[in-house]
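In what comes next, chain A is part of two complexes: it sits with chain B in the first one and with chain C in the second one.
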Partner chain A sequence: MLRVDSLEVRYGRLVAVHGISLEVGDGECVGLIGPNGAGKTTTLSAIAGVLSPASGTIEIGGESVGGEPPEAIVRRGVSLVPEGRRIFTTLTVEENLRIGSSTRKDGEVDADIDRMMERFPVLRRYAATHAGKLSGGEQQQLAIARALMSRPRLLLLDEPSLGLAPLMVDLVFELVAQLREEGITMLLVEQNGRRTVDLADRTYVLAGGRIAMVATGVKDLEEVERAYFGGDAAVGTEA
Partner chain B sequence: MTALLQHVVDAIGLASLYALLALPVALIYGIMGLVNFAHGELIMIGAYGLFIFAALSLPLAIFLMIAVVIVAALLMERSAFRPVRGSTPETLLVTSFAVSFLLQNLALMVFGSRPKSIETPGFLNKAVSVGGIQIEGVTILSVVAATVFIGGLVIFMRRTNFGMAMRAAAEDFTMARLVGIRANAVISGTFAISGAMAGVAAFILVVQGGSAFATMGLAPVIIAFVATMMGGLGSFSGALLGAALLGAGTVAFEVVLPTQLRSSREAFVYGGVLVLLLIRPQGLIPSRKERV
Partner chain C sequence: MARVGGFARQVQTPVLLAALVAVITLLAPLGGLAMENRAMVMLLNVSIVVGLYSFAGLSGVLSFGHMSFMSIGAYAGALITIPIVAKGALLPNLPTFIAHAEFSYPLAFLIAGGVAALAALIISLPVARLPALALSLAMFAVLVIAYQVESNWNSVTRGRQALLGVPTNTTLGVALVLAALTIFFVFAYQESRFGLRLRASRENELAAAAIGVNVVRERRIALVLSGFVIGVAGAAYGQYLGVFTPNNFYLELTFLTIAMLVIGGSLSLTGAVIGPVLVAFLTYFLQQGETVTGPGLQQIGLALAMLLVLIFRPLGLTMGSELKLSSLRALSFSGLRRRGASQAANTSSSSSEPEPRTAEGGPR
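Here is the complex of A and B:
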């Protein structure tokens, strides 16, 4: 589904991602974790087309897409739930869902909106409300629902649990687990290392813009915590 | 009482014209962070369009002129602003100045420095008397045009998918692209709307001034800019409020100032604007935008 090879991304002269390679197969849930500034968001931004790679290749479904703008990437079936949610606060909740279907021309958009509201009852309750009035957790649900409205083949999630109350964090991880059950291919960026490793098929550990290791179980994670971060505080042991 | 009503009517007429000037500037700023000083030159192009099409019947001339201004707005975006899209606000601003001066000088070369007088139907400058209040035809035209455009835009923005895309793009342009909204389509569409509004404003200004000249876009664009600044750059309702205040303020100063100061009423109006911006630098209704 997604193959990233030797990706390098820069901000001006600053290199944020140093030639990383990763893969997400069809139906897989792959994690990408690491401390602040490791290059997680930068990597996702490059995949989503917000940033252009300085070098290296990004392939989606076998086709090279590096340098394509975001509106082209989303038409290839890749949908991003961005860091900080970035829902449209001046649009209503329903409009936020509808705008998530901007790439679609089929007649099932209304039915899909209904399905999303079925799945996230809070969205039905506040359908006509400006989305800016929702709480953080509600906004996160809306951001995920908006991304699903494009019927993506690959869902990119950028720190969906960041800044949420513990109960909401549980809810978000539960939701990601559900989506995984439903066979949605996902690349999940998180600071919450343990829960991500628990959930994902594989988890890439990013440090200083490079992939430090690939973890498949919590044991791997403990090893990397010792080696790279000097103890288990650094890689997301927070709730 | 009649005198007061007369001032209110004058203020509404002026505010309507100002709204027609300010809205397109606010729309474009809201979407791409560009203060388009060359908007005045779109008005100038419209005025010369009326001069060129003067031999045709008036409705046809207006229709063709607005079409020409829309095309000019699209070309302006395509050739000058698209290459610098996403640059710093300063770069965008300087680009718009460059386009503005280029078009002014082009007009000087083609049409010369003497204003070209344009005939418009006499009834537009005649006042009808309604219960002792004098209302000029052009005032009615301004109010109708502003109402149609504001009402039409509100419906368009609320009810259509393109309008929804414009609102989303105005709030967070990158995120709008991430959900699949085509940047070029939204920006071109916004420029086309600004072109149509510039065309309508050009007609009203020609009715009032009777001629087309190269630098005629300067005064209206400054009014548009000040009104949008007062309202809070980039916010639709802010631009309307700014236009209303600027129109009302201009009429109010004309009324209250002693006769010998009346000719410098603009100084008082803009002094008032300055005070307002000192108190509320973000404008009255700032847009809820997070620029990335």
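Here is the complex of A and C:
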């Protein structure tokens, strides 16, 4: 589904991502964790087309997409749930969902909106409300629902649990687990290392813009914590 | 079900807004010819500001140059409605295809809008790609260019001399119908998928792009569409004045229309309608005051009003909310039992504006 090879991304002269390579197979849920500044969001932004790579290749479904604008990437079936949610606060909840389908041309948008409201009852309750009035957890649900509205082949989640109350964090991870059961291909960026490793099929550990290791179980993670971050503080066990 | 209910709920906004301007218009003749005249100016301003809103309000990119489309509409509309004989005497060097054109006014308004839209399309090709602030300033440059061309193209516009003999087709009724049509047209655009994408980009360009919105394309569409709306309004305005020069569509009008949009609130159609309405009343009182203070009070008063809004209510009086039946009801209730405890959370401080949308509009 997604293959990233020797990706390098810079902000001006600063190299944020040093030639990383990763892969997400069809139906897989792959994690990407690491401390602040490791290059997680930068990597995701490059995949989503928000940043263009300095070098390296990004392939989606076998086609090279490096340097394409974000709307072209969305058309290829990749949907990003951005960091900090970034819902449209002056649009209503329903409009937020509707705009998530802006690249679709089929007639099932209304049915999908209904389905999303079924799944997230809070969205139905506040359908006509400006999204800015929702709480953080509700906004995160809206952001994920909005991303799902494009019927993505690949869902990119950028720190969906960031800044949420513990109960909401549980809810978000439960939701990601559900999506995984439904067979949605996902790349999940998180700071919450333990839970991510638990959930994902595979987790890439990023440090200093390089992939430090690939973890498949919590045991691997402990090793990483010792080797790279000197303890478990940096990867963050439970929030 | 949600769709149908939602549509009925939403369409009340343009209906109420059109009704609002209609009521004011129907009352105006009671005050004599002078009041009728003021109502006419108010209606035309509603059309212009709603047109400006369809770009600046929905895209979040202020334009200092949309009055250029208005002047293009005014000249285009005038040149194809002045009787052929009169045109021969007035503008002997007119290009023949214009010299021999004579249309009745409703059609002429549409053609004038089309000409302005074409100008907007051409301008949008390079300009729509610019970042927001640069786009605002680029539109200002467009205004200056349009003004200079119109001021010096003697064979077509008579340059700085007034264009005379423009048929005065714009009656109170015409202006009212135009304002209502403009309100409905721009509302339909605002609620369409195009309008939705544009509004998403207003809030966060990057996030909008990340979910598949082509911001440049949406802004281009808005520019052309607003060019059309303002072009039509310009033609109507020209046929209200009967005599005009390029100065009628320059800095003063640019400031006036932007002030109206800012005062009403550029984040909702309601703001774009009540801005010109409120300014019409404000202008009336300030002009009365000018008989005491001497000239200048009107402009200073308007500028002060804009300043006060920017300082105390930067999103404008409507703060992004639309006029709805439920907000009217809320207003009358709040008048009866102001400071009701259950209302404290969501009532607005003044009774002259619609209340921000509440979660369910239900229990108060």
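For the reader, a short list of remarks on this structure follows.
In this text, the second predicted complex is superposed on the first by the 238 of 239 C-alpha atoms of A that agree within 3 Å, B and C clash if a C-alpha of one lies under 4 Å from a C-alpha of the other, contacts with A are read in each partner's own complex, and residues count from 1 in each chain.
Methods note: a contact is a pair of C-beta atoms (placed from the backbone, for glycine too) under 8 Å apart; a residue touches a chain by one contact, two chains touch by 3 or more.
Everything numeric here is computed off the predicted structure, so don't read it as measured data.
Superposition model on chain A: chain B and chain C are shown in a clashing arrangement. Of the two partners, chain B and chain C, it is C that touches more residues of chain A. In the superposition on chain A, no contact is made by A:R151 with either chain B or chain C.
In the superposed pair of complexes, A:T89 makes contact with chain B and with chain C alike. In the overlay built on the shared chain, the residue A:A127 is in contact with chain C alone; chain B does not reach it.
Once the two complexes are laid over each other on the shared chain, residue contacts for A:V74 go to chain B and to chain C alike. Judged by the touch definition given at the top, the superposed model places A:D114 against chain C, while chain B stays out of reach.
Look at A:A48: by the touch rule set out above, it reaches both chain B and chain C. Of the two partner chains placed by the overlay, chain B and chain C both lie in contact with A:T103.
On chain A, the surface touched by chain B in one complex and the surface touched by chain C in the other have residues 48, 50, 69-71, 74-75, 79-80, 82, 86, 88-91, 95, 98-100, 102-103, 146, 150 in common.
On the chain A side of its complex with chain B, the touching residues are 48, 50, 69-71, 74-75, 79-80, 82, 86, 88-91, 95, 98-100, 102-103, 132, 146, 150.
Of all residues in chain A, only 48-50, 69-71, 74-75, 79-80, 82, 86-91, 94-95, 98-100, 102-103, 110, 113-114, 117, 125-130, 133, 146-147, 150 touch chain C in the complex they form. Listed in rising order, the residues of chain B touching chain A in the complex are 161, 164-165, 167-168, 170-172, 174-183, 288. Looking at the complex, you find that chain C touches chain A at residues 2-3, 6, 9, 193, 196-197, 199-200, 202-204, 206-214, 267, 320, 357-361.
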